[in-house]
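All chains are identified by letter, namely A, B and C, in their written order; residue positions are counted from 1 within each chain.
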Amino acid sequence: MISFILRRLGVMALTAACLTFVVFFLTNLSPLLTNLAKTQADMRMSDAQVERWLGNRGYDRNIFVKYGEWVGVVPGYVIEGADGVIRARCQMPGQAIEDIAKYCGVLQGYWGRSTRFQEGVGDIIQTRLGLTGILMFWVMIVMVPAALILGVLAGMRESSKLDRSLSTFAIGTTATPEYVSGVILIALFASTATGLKWFKGTATSAMENPTFENFFLPVITIALYGTGYIARMTRASMAEVMTTQYIRTARLKGVAFHSIVIGHALRNALIAPFTVIMLQFPWLLNGVVIVEKIFNYKGVGWALVEAASNNDIELLLGISVVGVVLVLLTQLISDIGYVYLNPRISVS
Amino acid sequence: MSDKSKWRVHHPAAEMYAREHKQGQLSRREFLARATSLGIGATAAYGLIGLHAPAVRADGHGKMKGGTIRVQMSVRELKDTRTYDWSELGNETRGNLEYLVEYNNDGSFRPMLLDSWQINDDATVYTLNVRKGVKWDNGDPLTAQHIAFNIERWCEKDAEGNSMAGRMGTLIDESTQRVKAGVIKVMDDYTLMLELPDPDISLIAGFSDYPAAIVHPSYNPSDTMNAIGTGPYKLVQLDVGVKAVLERKPNHDWWGTAVYGGPHLDRIEYIDYGTEPSGWLAAFESEEIDMVHESVGEFIDVFDGLDLKKSEIVTMGTIVIRPNQLAEVEGRRPYADKRVRQALQMAVDNSVLLELGYGNRGSVAENHHIGPIHPEYAPLPKQVVDKKKAMELMQEAGMAGFEHEIMSIDDDWRRNTTDAAAAQLREAGFKVKRTVLPGSTFWNDWTKYPFSSTNWNGRPLGVQIWALAYRSGEAWNEFGWSNAEFDSLLKDALSIADADKRREIAAKGEALIQDEGVTIQPYWRSLYRHTTDKVVDAPMHVSFEHHHYKWGVTS
Amino acid sequence: MEPLSWIEIIGRILVQLAPVWISLAVIFACSIRFKRRLGLYGRIFDSRIGMIGFGIVMFWTLTGFFSSAFDMIATHDPLAQFSGMKNKLPGTPLNNAEAGEYAYFLLGGDNLARDVFSRVIHGSGVVVLIAPLATVFAFLAGITLGLPAGYYGRRLDTGISFVANLILAFPVILLFYLLVNPGIRQTGVPQYMSMFLFAFPIVFAAVLIQSRYHTDPVKRNLLMFSSLAILGYAYINVINTPGTAISFLNAIDIFDPDPGILNVFVSVVFVNAPTVFRIVRGLVMDIKTRDYVAAAQTRGEGSWYIMLWEILPNARGPLIVDFCLRIGYTTILLGTLGFFGLGLSPEDPNWGATINDGRKLISIYPHPALPPAISLLSLVLGLNLLADGLREESLKD
């Protein structure tokens, strides 16, 4: 088991290395560097000015050297620019140029500096991931039980009236994009249009102090969208299990229906939804973007959009690493969960 | 006439403007803009035309001492002040880093860190009198040397992204990329002379622009947030994209209290609610803000429906939807042909663009980028929209089957206006494809797109924009237009301080731009702002400036 | 002219849709009449739920077909703007309709004074064509990789999962920004990606035919040759565009897809394939422990035969459900892409983009956003009911 986990950690490091290099390569393509220079310095800069700006900051060098600097195996650049200013990668704000470190990269624990936010990447990710984490936590608390209950109730007696109405509800929620449901919810429950004003139509204040009033709408918007999908998968899986031989046998033996559902069917029926739920975590990381935007909640999805639209290279790399860890961790959990739920599969 | 001695000597041109105003040739606003930019105080300028200046509201009247205003505004990262490219940046630091002069909605220039200024007849010698009694927040007094330091800084043309260099063009020596020797003369601690090699009528207007913030000689461009400033507020918090907070400096004696009154507020919070106005609406409804930076599009009507105060201002800001004459599409230059450009212009009804693109909130323009508020504006005969003739022209040019791809940025009004233009062209029978680019990538090649739309902010003088964007070979000439006749007309116009004489030349330039079909320039925008009832004296500003010291909340 | 009342509006819409009603009636009459001879398709008509689902899906398919192929049903050009009709309510008459022009905006005007009804109708054409096709591509990629990964496990699984995880962890939003950047398009990155992604259907077809008919070389060769020729030709046409990074086969290149549509396909496959892969892989890992798989292995069947003809059919339940839901997600993704200025032309009337445009003003003008939203909802609902019906009927064996 220990070697299994160690191996997975090794894979994780390798994935992170590959992914960051791919992201690094793409963000260092020359059109995107131009984009970076223009958003940083002046939108209406000339081509010659762009080149000088990039040269002054070492962006025009070999990509492997630049990537090596980020990892921390190549010494950080010290460049005297065309404008006479000396710039150094490892110069922290307020530090004199003489006493800077030689190496500064991930291996030294330095995640770089965001060009968009003028702040350390580590700090940004910590703050923003924390905010999204709170949002995700509440979404999961609402979504998972609701979806499982819906799915099991619908799937245990397939094509009954209960099944049809629950399924229709589930499909309905999942066929309504977040950018519609969120806005409709705001219009209904948080505006003078209806006069209800039960909740707040913005979650900005929730970043400092989440309350039921300012956090309910974003949570329910994401949860509604995700619930339908998990519920449908649970229902399909449950329906499948209910037709299997051993359930039929149990029913013929006269075991009570509810104890069949809970005692026999549930465990097997949860394998497929379990994968799906685990897949929801990486999805949430990207999927929260729209809700964060509508409700103006500044989590990691928002930071990602800001980073991508401003080609903030080091912040994108940092967020990519977070993505890798999240994807592989959920996969690890889902693999271990498989073994637990289905004894016929073994870990190795 | 004013009682202050320094205003006794009037600029000869100012008296001429006053006569023109009395004869009805000049609106009051135009008169004020021109007179005050010549160094006449607003009170004196009103006096010249026989009026009393509107009474400045007595200090504290209706305003509570202290209080907080929360403003929706996008919070951007600070950089070197002279490289500012968004008015929001100026607003973040304006409470701390002040300006020499302040441009006001009535078109006048109010002296701030300057006490007054004089300009000689041919606009080559500027005398700047620095205000006495102004203190930096570290205790140093503000002197003429500090102002000279700032002007020198603006003239460093090779500094990255320094947009002040463009405004200070006449002061710069092209070979050294620095200020020309002998241009700036410090006469004493409070007097400064600028001796220009060529006339420049736009220098004072340049001083009021948002990159022209005055900084202390110890200024460190990478730490603008904690810069030493003269203003009454300090930027205490700045989370890019999230929030910025200005707080009253506790132990700072601000010069303006004695001169203009204020500041009234203790604290100003800028909260970033993203780019979507629906988020601003939610913020108003949740009572999380008291004011928006700018109300846009349909949301002006929506905000009107809430219990909010609206302020409105007419500007010379606009949009151009232009073909680029140099751009190549599939191996040829479709827009090098004058007939093609004329056909495009002829097919588009500008009033429809104003209706569908901007909700009729503005006035129709005439495709030559000089408008009624500009002093040199000359009305021309109305252009005719004729879709049939447009198609005939296009056929004549052999381009009837060509598919025009029109690019625009992805935002509400610019996108809608461009969509409306596309529909107009389709109605004439042209093939049109629309492409929308996100704001982050749109500006990468904005001058080079074959056919695209660009927004332009208003400037006090019409010829300023022509010089920036319509002259041959200019960096911002997105039309790819080069015309020797126009260049010489413009050169003449730029050296004439008298607006009437300039108008004669401008009329020729206007006609030339129209006839060449350089661009579709459909309308002039009005700008709006909504605030809650408690906010006092924070109306929309013509160039989006926030004058914090005037703001207050009702008691 | 007076605005129309709600009853008149509904009546007129029903009349406009007449071609669809007639075709639906014909299809249903024929299908029910001959349902015993039509195999699984015929059995849809044994299940009430399947029939309802089929009806809704066919409704939109026919609407899309009639509107885009024959320009019927819609009352106006979906891109035309009518002065004075901005944000007007449903049933508003046109200002001064010319002869031959439909005199009303049945469902009102949108923010750019275009007819909402015509846009919804024309949008259906885009949706019923692009969304299922793009989803099929994602599934083919996910299945082609998920089957061997789950079945063989070990190194192969580690290798493919590695790549899938790489894609899953890739910040999708960065991809959107990359695809939309004109400079990046010139470097050919989107084209290389589509070159890779569009290869999966060919691989899948080849493996499918080989595993089934390898005992019958004549039939195999015939099928293999014909399908590879067709798919290969389509493949070359799609990826090869003169004047771009990939333009070496211009001689046989007869059509070029719109770069916007190509972007949509690339994004949809990129976003969905790894998820489908993981679902398939999980299902295979579960199913391969079943007795019938062991039986097939004992019979000496080839691995690919077992994967494609034993395991895959038994995994169809969750996969069909997922497929139907994913078509809905793809439609929504079209709107999300619009959110980032990517995808189809910005004026395109596809539902996702229309909803996204209309939502901004939903609190004051709900009528431009609600019709496409309700249409999308009904289509996804129809697809799922149809899937339920299909699955239930097919499980009855």
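Just a few scattered comments:
Here is the rule we go by: a contact is a pair of C-beta atoms (placed from the backbone, for glycine too) under 8 Å apart; a residue touches a chain by one contact, two chains touch by 3 or more.
Everything numeric in this text was worked out from a predicted model, so none of it was measured.
Set against one another, A-B and A-C show the most C-beta pairs in contact at A-C. Chain-level centrality, scored on Cα centres against the all-protein Cα centre, points to A.
Mean C-alpha position of subunit B lies 48 Å from that of subunit C. Inter-chain centre distance (subunit A to subunit B, centres taken as mean C-alpha positions): 41 Å.
Inter-chain centre distance (subunit A to subunit C, centres taken as mean C-alpha positions): 25 Å.
For subunit A, residues that reach two or more other chains under the stated contact definition are 31, 34-35, 183, 186, 191, 309, 311. Counting only residues that touch two or more partner chains, subunit C has 177, 181-183, 359-360, 363-364. Within subunit B, contacts with two or more other chains are made by residues 276, 278, 281, 305, 438, 440-441, 444. By the touch criterion given at the top, residues 49, 158, 161-162, 165-166, 168-174, 176-178, 181-184, 186-187, 189, 275, 278-279, 282-283, 285-286, 289, 317-318, 321-322, 325, 328-329, 332, 335-336, 339, 352, 355-356, 359-360, 362-364, 366, 369, 373, 376-377, 379-381, 384, 388, 391-392, 395 of subunit C touch subunit A in their complex. Considering their complex, residues 77-79, 83, 85, 158-161, 163, 222-223, 240-242, 271-274, 276, 278-279, 281-283, 285-286, 288, 305-306, 438-441, 443-444, 446, 475-476 of subunit B touch subunit A.
Residues 31, 34-35, 38-46, 49, 52-53, 56, 82-83, 93-94, 116-119, 183, 186, 190-192, 197, 200-202, 204-205, 207, 214, 293-296, 298, 302, 306, 309-311 of subunit A are the ones that touch subunit B when the two sit in their complex. The touching residues of subunit A, when paired with subunit C in their complex, are 11, 14-15, 18-19, 22-23, 26-27, 29-32, 34-35, 158-159, 164, 167-168, 171-172, 174-177, 179-180, 183-184, 186-187, 191, 193, 228-229, 232-233, 235-237, 239-240, 243, 271-272, 275-276, 279, 282-283, 286, 289-290, 304-305, 307-309, 311, 316, 319-320, 323-324, 326-328, 331, 334, 338, 342, 344-345.
Remark: subunit B residues 276-278, 281, 298, 301-302, 305, 330, 352, 355-356, 359, 410, 412, 415-416, 419-420, 422-424, 426-427, 433-438, 440-441, 444-445 touch subunit C in the complex.
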